Amino acid sequence: AEKKYGPGASDTEIKVGNTMPYSGPASAYGLIGKSIEAYYKKINAEGGVNGRKINFISYDDAYSPPKTVEQVRKLVESDEVLLVFQPLGTPSNSAIHKYMNAKKVPQLFVATGATKWGDPKNFPWTMGWQPNYQSEGRIYAEYLMKNRPQGKIGILFQNDDYGKDYVKGMKDGLGDKAKTMIVSEQPYETSDPTVDSQIINLKSSSADVFFNVTTPKFAAQAIKKAHEIGWTPLHLLNNVSNSVGSVLKPAGLDASKDILSTAYLKDPTDSTWDNDPGKKDWLAFMDKYFPEGDKTSSFTVYGYSVAQTLLQVLKQCGDDLTRENVMKQAASLKDLQLAMALPGIKINTSEKDFFPFEQMQMQKFNGERWELFGPIMSGEVGS
Amino acid sequence: MMLRRTIETRGPPAAEVAGMATPAWRVIVFVLGIVVLATIPFVLKNFYIFQITLAVIYAIAILGLNLLTGFNGQFSLGHSAFYAIGAYTAAIMMDGFDISYIWTLPAAAMVCFVFGFLFGLPALRLENIYLALATFALAIAIPQVLKSSLVEHWTGGVQGISIIKPDAPFGLPLNSDQWLYVYTILVAVVMYVGAHNLVKSRTGRALIAIRDHPIAASAMGINVSLYKSLTFGVSALYTGVAGALGALAISFVAPDSFTFQLAVALFVGLVVGGVASISGTLFGGLFVLFVPNIAEHFSKGLAGAVYGVILLLVIYLMPTGAAGLVRLIVSRLVQQGRASGR
Amino acid sequence: MSKLLEARALCAFYGATQVLFGFDLSIEEGGITTLLGANGAGKTTTLRALCGMVRTTGDIRFDGKAIRGRATEDIVRLGIAHVPQGRGTFSRQTVEENLEIGAMTRSGRAAIDADIERVYGYFPRLMERRRQQAGTLSGGEQQMLAVGRAMMLRPRLMLLDEPSFGLAPLIVEELFGILRTLNQTEKVSMLVVEQNAALALDLAEEAYLIETGELVTSGPARQLRDDENIRRAYLGY
Amino acid sequence: MSAPAAVAIEVPRAAARAMTAAPLIDVRDVCVRFGGIVALDCVSFTLPERELLGLIGPNGAGKTTLFNCFSRLYTPVSGDILFEGQSILSRPPHRIADIGIGRTFQNLALFRTMSVLDNVRVGSHPLGRSDFLSNALKLPWTVREEKSLADIAWELIDFLDLGEVAHRRVADLPFGMQKRVELARALAARPKLLLLDEPAGGLNHTEIHGLGELIRRIRDERRVTILLVEHHMSMVMSICDKVVALDFGKKIAEGTPAEVQRNEDVILAYLGTTKK
Amino acid sequence: MELFLHQVLAGLATGGIYACMALAVVMIYQAIDHLNFAQGEMAMFSTFIAWQLIQWGLPYWLAFGATIAISFVAGVAIERVVLKPLHNAPVLSHVVAFIALLAILNSAAGFIWDYTIKSFPTPFGNGPLFEQGLMSKHDGGMIAVTLLMLAFLYLFFRHTRIGLAMRAAAANPESARLAGIRVGWMTALGWGMAAAIGSVAGMLIAPVVFLEPNMMLSILLYGFAGAVVGGLTSPGGAVLGGFLVGIVENLAGTYIPVVGREMKLTIALFIIVAVLCVKPSGLFGRPIVTRV
């Protein structure tokens, strides 16, 4: 076919832009950016995609929306990238949302689970990636309706869009029963040193279901504190914070026993996957291209997987590397099974469906590792 | 004898403090500056125009901080709060009430002045360290307040507000980045001239007198509390106008845009530009905008560390800021000139 | 008698501005020397130069050892106490703490306590105010405190910058008596800067007269005192 | 105690109204305490216009404290200070300069980073009325105001012979010169009453003599009433019209310089043997 | 009522964290007459060192002691290397240097040890201190150690001459030099001690909040708040202030409807500012009078 190039693409190279919080309070996520970078190093070393090297340009936005705008404009207007990939954070992506769509530059596979990223009608240039928070909230609600219809739910949530999306999903899922079932909602700020006070309030609200919507550090604190004060509710922990290595272990494996959560990617510390070829590949990649990376962190798996997704899109693009075609191919991923995604959980997109991952499976922590159970579920929001 | 000396020393006002640039110098610098500013929108890419616009906006915010901290001696680590209030005032007016962006600046100015003045009242009782803490607390608190459910209706909560970048009026052949640049420069000129006039006036001297010796200042008939509160208000006004401009430039406001990191950045800009220097704030604005990018260029993982090292080096090289360094160099040159002239 | 302190070709600078222009100065062991000069002549600067508080060139020796360029605190630790112009009160500390600070280089609790009592003996006013925040003392009281603080060091040499500044006549008289006693009984050498030239020349054995950073004349104090011309031209009495 | 005091107050007031030459200042039974310390103990005196009163006393007698009461930095626990017949105690500190009371400070309270000229111009603050807005806009009338303030400042700088250092930072000047800057600053608001706290500190004999002359000239040419605190007896005795001596906060003597100089209490508490 | 008690006790426990940090803040304030904004990051870095030592197999208490020693030396070194060149610079430049230090330490810790949270062992055991689990053994131990450090600091400042010398050097360096006090070394000693106290604070705090490079950002603010409420010049006041902040924050979060939950930090800070307006030098600070 005839070769077609948009900005940032040529016979030899494809420019992919990205912003990440490498500095500042959210710098933990920087690991995702570094994993992606390492992965494309590997791809380039192995010959690139359709003979073109991927030039991954990643800038620090310090998790500050104005900085994101500046950096993304630099990517688009100065570096002239083909697409902006995986910018991280809801506020950061909100800040560039209109700009990207006005400029008609793909804002692809954003690193946030808010629902607004799957709105092809109004924002045809923006697409999410991970299962959205609301869907996940609904999955837990569904579980509760089935298994604990009389439960009294106490919620701990981060007081931002992230936490609120989960709570909304849960409430939507519970429907009319939300009012009676939810007995206490305790927000916390990322600037709070601890969530002890909130946990005590939850306990004293006599909740027997604990919906824990937190980021890793606070999840660990909450698990530990609940255990310490002898509160033993049915504990639902959101996916973002269910890493065994970086949350449950620090919190205490004992204290983490019987926690329920959901998954769509494989936990890197889970010995179940030790003989899984996907994990072996991942380990080989980590050893060779990202030896300093943390192998217990789910962020490296996340970065690896999302990078693979883009790779698939670029492969599908073939020699038509225009921005339009990138979006078109991104919206036509069919049953893509990523190496580190749970078996059976596949990526599907279409012109109307801008939610690549929509399925999750529930799992229970047995004191050592997660045990998957039940069917593969999807929360069905927005699609 | 007496008369001769009087005439000699009275001289032109520009030479007032020994070692300052001569008027000829200043005129050249000024004209050059205008020429550079005027050509920028026609030779640079939009993106760079946008960056310079942002730098100027930060410079205005730093200028506000400088009026308070540099000239009046009230330490603030909380100016992100006023920047935020200015930005939100603009965003809410444009998004919620469909008011033209033109009106957002005076409104932001007024709102911030009132907030600043009111905050300045209790701040009167606090001395430097304590004041720093109180303002720092303000910086920490403001994002929380902005997303609280009490005001969510107006502020859009954590989602923030998107606004539309204004286009050039009167069919001027400028795109929105160019127009915003021109607009910002116009506003900046007004703000800088105002600040310059203020500092060189009776009021300005009163501000500095309060900084140097508050007891003596009040014995000279200066109403210290009133001036301090008013300075707080004016300072907030400047920073608020910058915030409103910033909201236009970024076209988006959200609580996360105005964390204490912004306050710290403004403070850093103030010091590296030069405490109690008006033109130094321009350097401060450029520093705040560009140095993090430079730091990142060296190393991703250690961006923060590189930034810190650059900051330390800058402080070592110019402990009194860019303005201090320039002053030193000029006075050296003048001295040398005198020595060789003899 | 030997020279306790000797300065040769002493120059001093504030930034790029030169203030002292290379004069020689020496202080006899056990003697009292006075340094006179009009306003802005550089007297304070000379004392600061001897203590390493301003940038200097030239040569300064204390007890034969070169001390120019050394840190102020090291010079002080050799036994040089300086009563600075402006008094240098630790205004947030109490009067007694101020005196304690003066003895910071010494050890021996008992001796220090005895010396504090001695200072209180010289200046009963300080005794009354011992627990008061020193910054709230009256000007003259602070001056007494500054002299007392210097005594607490048990110095070999005292540099006194206008010790009578702000003191009531009666106290001035007493102070000079105290200085004389210290000099005679404890062999403390002194360099006294004074505006009250008559008083200083009475106290001192040697005198130096400087003008805009340069030496005008020096010699035995009596000689200066009796030189009508000098008195008229420089000392003004 | 209170009844006679009330009577005592009534009488001079009636008398003052009767006489046209009312005292410019009238200090009435002023007491100041700091915790247990009695800094001023019922001090009273009056001073007619254009007179020069010397306030003497040992260190810590309360002289500066009295000045600080005038400046409203301290508030007496009892007593009153009248200026032109009106109590000043209800005024805040910054409203003292504008009724015509200027002062210098014993330990220098200059604006250290400012030039001599600017220090003096700050002194004339009460004469202006420009504010933040008018100054920022540089309205024409503020330009005129600036000019007239500058003229006042230059006139004083010349008067006190500070022309050569007018643009220097005050902190870099020798002590004696800084004292003169304070004097210029205090005069810049055209005060009716000038409070001088040890202006001769750090000056030598000739300079003190010159200063004495200067103070007299200030009183005569500028029609200023002066309250002078000084330990240099030669100066106090030669230029003052009247002297008040304090000790431990109490007035121990009042009278002409000669009278006070002979007063036994004053000699014992203050002068010692070196009467000059 | 039970909830109230729970919250007060929990407030006391978190207050212990703040109090720990507040002590370090007071220490540095006495030594440099200013707040050190890098104090939190210094404590964090020290805690990482302790963690590393424990990972390498050192027993807890050995690592604890070694970390204190290392931190002390490092604190002295930071003063000598980073801040000494700035001795003549204006104080605002110092603050910028603190900010630079903060950025460097934070970023370096992230680079070396990455940002995933790490559990840090406690020497006091993990179980609850009382039956109802109102306070854990660790909380109790932390409060005890805080009080011990308080006693040490109190003795140091009130009853040793070196404490007086340090305050003198901070308050009036020029005069201090004239008294023969080695001002530079006093400042360095102050930094060393502050770093050492900070390291103890960090090691006590880490088991509760988990170890990661950003763990101190907000705790330092609370430490400042505690120190300021209590009075920056009074170690006892600072500790009390720390506890007070912890309790007030919890009670505000629990009992003030709507805004309390969302803005408990804001409310706590508001209360602090209000306290300062009434008592500008803190609840227990000595008021300083300036006169002319």
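Every chain is named by a letter (A, B, C, D and E) in the order it is written, and numbering of its residues begins at 1.
By our rule, a residue touches a chain if its C-beta (ideal position, glycine included) is under 8 Å from a C-beta of that chain, and two chains touch if they have at least 3 such contacts.
Every value quoted in this text rests on a predicted model; they were computed, and no experiment measured them.
Enquirer: So if I look at the partners of chain B and the partners of chain C, which chains show up in both lists?
Expert: Common contact partners of chain B and chain C, which must touch each of the two, are D, E.
Enquirer: Starting from the defined contact criterion, work out which chains touch chain A and chain E both, please.
Expert: Common neighbours, chain A/chain E: B.
Enquirer: Just to check the components: without chain A, which chains are still in contact with one another, directly or through others?
Expert: No chain A: one piece.
Enquirer: Select, from C-E and A-B, the pair of chains that is joined by more C-beta pairs in contact.
Expert: A-B
Enquirer: Averaging each chain's C-alpha atoms to get its centre, pick out the one most distant from chain B.
Expert: C
Enquirer: Just how far, in Å, is the C-alpha centre of chain C from the one of chain A?
Expert: Roughly 74 Å, centre to centre.
Enquirer: How many angstrom lie between the centres of chain C and chain D, each centre taken as the mean Cα position?
Expert: Each chain's C-alpha centroid was found; their separation is 31 Å.
Enquirer: Where the centres are mean C-alpha positions, what is the separation of chain A from chain D, in Å?
Expert: 74
Enquirer: In chain C, what residues contact two or more other chains?
Expert: Expected reply: 136.
Enquirer: Find every residue in chain A that makes contact with two or more other chains and list them.
Expert: Residue numbers touching two or more other chains: 23, 25, 27, 30, 159, 189, 191.
Enquirer: Listing for chain E: what residues touch at least two other chains?
Expert: 103, 107, 110, 221, 262, 265, 290-292, in rising order.
Enquirer: Which positions of chain C touch chain E when the two form their complex?
Expert: Those residues of chain C that touch chain E are 51, 53, 71-73, 76-77, 81-82, 84, 88-93, 97, 100-102, 104-105, 133, 135-136, 149, 153.
Enquirer: Quick check: in the complex, which residue numbers of chain B touch chain A?
Expert: Touch list, chain B to chain A: 45-48, 50-51, 54, 140, 144, 147, 157-160, 162, 246, 250-252, 254-257, 259, 261-262, 289, 292-293, 296, 300-301, 303-304, 307.
Enquirer: For the complex, give me every residue of chain E touching chain D.
Expert: Residues 291-292.
Enquirer: For a test of understanding, state which residues of chain D touch chain E in their complex under the given definition.
Expert: Where chain D meets chain E, its residues are 64, 68, 73, 105-107, 109.
Enquirer: Looking at the complex, which residues from chain E come into contact with chain C?
Expert: Interface residues on chain E, with respect to chain C: 161, 164-165, 167-168, 171-172, 174-184, 288-291.
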